C-alpha cells in the first residue's frame, strides 16, 4: 500500500480521524444558538457574583471598637482608652487626663477604634509566640509585669498560639490588651477576598458551571445524533464507535475548556487587581485560580463523559442525570463542611474540590491561623466583658463557609496528584462504559 | 489502545484485508426481529458485482437488510458477511463501502463540501487529500456549483446527491443506497439514476432499494424482490418480467361507449379477454402490456373514442407481488 | 387522424397526454408530444360552498385538547407521555405521600409526641408544598421539567402542531389548554396529596369542627401557595419549551433556572451575606411568600412583598415570552 510507503502509521490516521470529528463537533456546537445561550448564561451567573465581590471590595467595612475603649462611660469628654492610658478612673467624671499636670487634651474617639491591629506572624511551629501591642496599653500600662504576661510564657505583651493537630484549630492565649482591637476593614476584605475565590471556585466553577454545562452540552453528544438519524453517516465509516464517542468528547472539550479558561482568567485578573493588600496585583492568588481551573476542567471532563454515557444508555438519560446532579450538590456542601467524609470519595465534586483546597493550603498557609484570628476578634469573638456573646470579625463567617481543610489526610501535593489521577480514572471509566454501551446499540 | 476496542476479537494491528474469495455481500439464513415483529425472516443471499435493485413495499425489510449489512443492527439469527467479515461491532470493512442512509436528516449547518471532506477524513485521508476527493465526488454527482452552500438550503434531490457524494468519497467497491430516489423530482431522479448507472459501469457493486418498479427498471436488470421480510424473487428483471407477462394484465378504460371501443380493441392480437363491469367501463386483459399500450392510443384517436380514464390496476409492484405470492395476501 | 390533440377545456379526454406521462422517456419517440394549442385562456369559475355543519362551542373544543393531554397520563389513545415520565409521576406521587403515611401510622400508634412531628401544622403544611429538600430539589422541578419538556417543542419538531392549527382552534386556546393540562397534572400530585394529608389527619385523629375551623384558613393558604408554585413552574417551563426545539432542552433549562439561581443566590449569601439575589430564584421567592402567608419562620432578610413582586414578574415575563413565541410560531415541521 502506498500509505505504508509514505511512512504513515495507524497513529497518523487515527489522528486525522480524531481531529476531523473533533472539529466537526466543535463547529456543530458553534452553529447552535443554545450553546451560546448556555455559555452566556453561565458567564452572566459568575459575573453576578463578581459584581457582588467588586461591590464588597469597594465598600469600607464599618470599624468596630472590639475592645470598647472608644466609649466614654463617665461622660467627662475623655474616652475610656485615653483614661486607661493615663491611669485615671473611667467611671469617675472627676477623674480624667485633663486634670493631670500638664493637662491633656481629649483625643477623638476614632483614635481608639482599630488602634491595635493584628501583628501575627505565621510559622508552621505548633507553638507560636506573636503579636505586638501597637497602642501601648499593655506595654506602657501600669500593670504589674506578671499581669502583663497573662499567658505566663515569659514574654510580656505577646500572644501565644498553640496548634491542636487533633482538632485542627489554634488555641489563643493572649496577654491583656494585645492586638485587642483589630482593623475590621483590613481583616474583612482579606477574608472576603479569600472566601470569594474559594466560594466561587468551588460552588461557582466546580459545581454550577461544571454540572450544568455538561448537562446541556454533553447529554445529547451522542444521543441527539442517534435520535435525528445523522449518526448513520458517522457509523458507516471505518471508525470504531468508541473512537467516535471519544472524539466527539474532544470537540465538546474544545468548546468548554477555552470557555472555562476565559471566565476563570477574567475573574483571576479582576480579583487580582481589586483584592486587598499593598501590592499592585495579587500574584500569589493565581495559584489558587489555577487549581480552580484544573478542577473545573477535570470536572467538566468527568461529568461530560458521565452524562454522554447516560444519554447513550437511555433516551431519557436526563432523568438519571438529575439525581446524580442532586447527589453532587449534596457532596459539594458536604465537602465544604466535612471535607474528610468518606462519602466524598464516591463523588466527582469531592475530588475536584480537594484540588482547590490543596492549592489554597499552599498559597495561604496561614489560613487556619487567619480564621482563628477572625473568630477570636481581639478577644471579643469569644465571650468578652464588653459584648457578652461571641462576635467574630466581618468576613470570618464567609471564609469559614467557603474554606475547608484538605480532607484526604495527605499533603497538598499528594492530594492534588491523587485527586487528578482519580478524576482522570473516573473519566476513563465512564468513557469505557459509554463506548461499550454505544458499541452494542442498534442504530435504527 | 483504541484499536483494541475497535474489534471484538483480535487487535487491528495490520490493515484489514478482505477475503479474496468471499462474495461482497452475503446473508446466510439471516433473520431480524424487533420484539415480536419479524422484520426479516431467514434470508440467504450472496451478491457480487453489478447494480442490484432491492424491491419491496414499505416495511418489506429493505432498510433492515442494509442496516444489518452496515453493522447498525445485530441479526437475531444467521450470519451477515461484508467482504467475508462480520460487520457487527467491526467497522473495518466499511473502508470499502459507501452507505447512503434512507434518513432525510442531514447536518444542515454544514456545506456539502465540508460534509463530504469531513467524512472523507474518517477514511484516514489528510486534509488536502480529503478536499481533493470531495471536489472530485461532488463534481461527479453534479453539485460542484453549489457545494459551498449550506446543506440546509438544498432541495431534496441535492441532499440525496450530497449523501451519495459522501458515500463515494473513499472510492468504494460496494455502494449501498437506501431509497435514493425518494422524494426527488423527475430531474433529480434522472441525475441520480445516471450517477448510479455510471457507478455500475465503473464496475462497482451497487445495491439500491426502492418500492417503485419502474425506477429500478431504468437503472438495472438485476433485482431482488422482498416481501414481508422474505425473499420473493431474485435474478434478471427480464426473466422475472417474462414470467409476469405470462399472466394477463388488466387495463381498465372508462369511456362513453364501451362496446364500440371493445370492438376496435378486440382486433389486436395481444388482447386476451374483455369484460364489461358497466356500460361505460371496459376491462381488457392482455399478456403484453407494453405492446398494448403502444397500440392503444392509435385506436382511440383513429376511432374518435371519448375516453375519460385509463387505469392499469396491475402495473405496479403490488400486483407483481400479488402474483408472486399467489394471491394469498 | 393526424391532428394533434388539443388541451383546451372543451376537448375530450383522449388519454394521450396521460399516456405520455405514464410511459415517460422510454417511449418518447413514438408518443405524441403534447403541445398546447389553445389561443385563448380560460378562467374557471370558482364556487365556494359554505360549510354547513355545526361547530361545537369553543369550550368543548378546548376541553377536547385538555382531556387529550391529561388522560394521556393514564390511558392509551391520548397524548403519549413517555414511560419514564409516567414512572417519575408515580414515584413522586408516592414520595409526596410520605407525610400522609406517617400521619396515619402515628395516629394508629397513638404516640402524641411523634404525631406532633408529623401531624398537620403550619410547618408541615409549608413543607409539603414548599420544602426544599427533597420536594423542591428533586421531585416537583423534575415533574415540571418532564411535563413541559416536550409539550410544545415536540409539537414543533414533529410538525404535529399543524394538526391542531388546521382545525378551528385558536393558538391561545391551544397553548392555554396545554398550560392547564400540565398544571392540572402537577396539581393532582401536589395539591391532591395535600388534601389527602389534611383529610388523613381529620379522619385518623377524629378531629372536630373546632379544629377544622382553626386550621382550614391555613390549609387554604397552603393550597394557594401550591397553586402559585405550580403556575410559576409551568409558565417558566412552557416559555422555555416554546423557545426551543429539542425535547430535553426545556427540561434541563427549567432545572437550571430553578436550581441554578438558587445555588447562585446561596453563593452570594454565603460570601457577602446578602439575600437580595434570592429574588432571582423562583423557588426562593415562592418559599418566601409561602413563609409569610402560611406563617412559618421567614428565612430571608428582604421584605416578602418583594418576593411576591418577583414571583409576579417571573410569571409575567414567562407568559409574555410564551405568548409572543406562540403567536409568531410557524406551523411547520422544523
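Miscellaneous remarks
Residue numbering begins at 1 within each chain, and the chains themselves are lettered A, B and C in the order written.
One rule holds in what follows: a residue touches a chain if its C-beta (ideal position, glycine included) is under 8 Å from a C-beta of that chain, and two chains touch if they have at least 3 such contacts.
Since the structure is predicted, the reported quantities are computational estimates derived from the model, not experimental observations.
When chain centres are defined as mean Cα coordinates, A lies farthest from chain B. Taking the mean of each chain's C-alpha atoms as its centre, the chain lying closest to the overall protein C-alpha centroid is C. Between chain B and chain C the centroid-to-centroid distance comes to 44 Å (mean Cα coordinates, whole Å). Between the CA-based centres of chain A and chain C the separation comes to 40 Å, rounded to the whole angstrom.
Chain geometry summary: the mean Cα position of chain A and that of chain B are 63 Å apart. If you check the complex, the residues on chain B that touch chain A are 2-3, 5-6, 12-13, 15-16, 67, 70-74, 89, 91-95, 97-99, 101, 103-107, 109-110, 114, 118-119, 121-127, 130, 163, 166-167. Chain A contributes residues 1, 3, 10, 13-14, 16-17, 19-21, 23-24, 27-28, 31-32, 228-230, 232-243, 246, 435, 439-440, 442-444 to its touches with chain B in the complex. Interface of chain C with chain A (complex): residues 82, 84, 88, 134, 137-138, 142, 145-146, 244, 246, 248-249, 251-253, 255-256, 259-260, 263-264, 266-268, 270-274, 277.
The touching residues of chain A, counted against chain C in their complex, run 34, 41, 45, 48-49, 52-53, 55-56, 192, 195-196, 199-200, 203-204, 207-208, 212, 215-216, 219-220, 224, 314-316, 318-319, 322-323, 325-326, 329, 397-398, 401-402.
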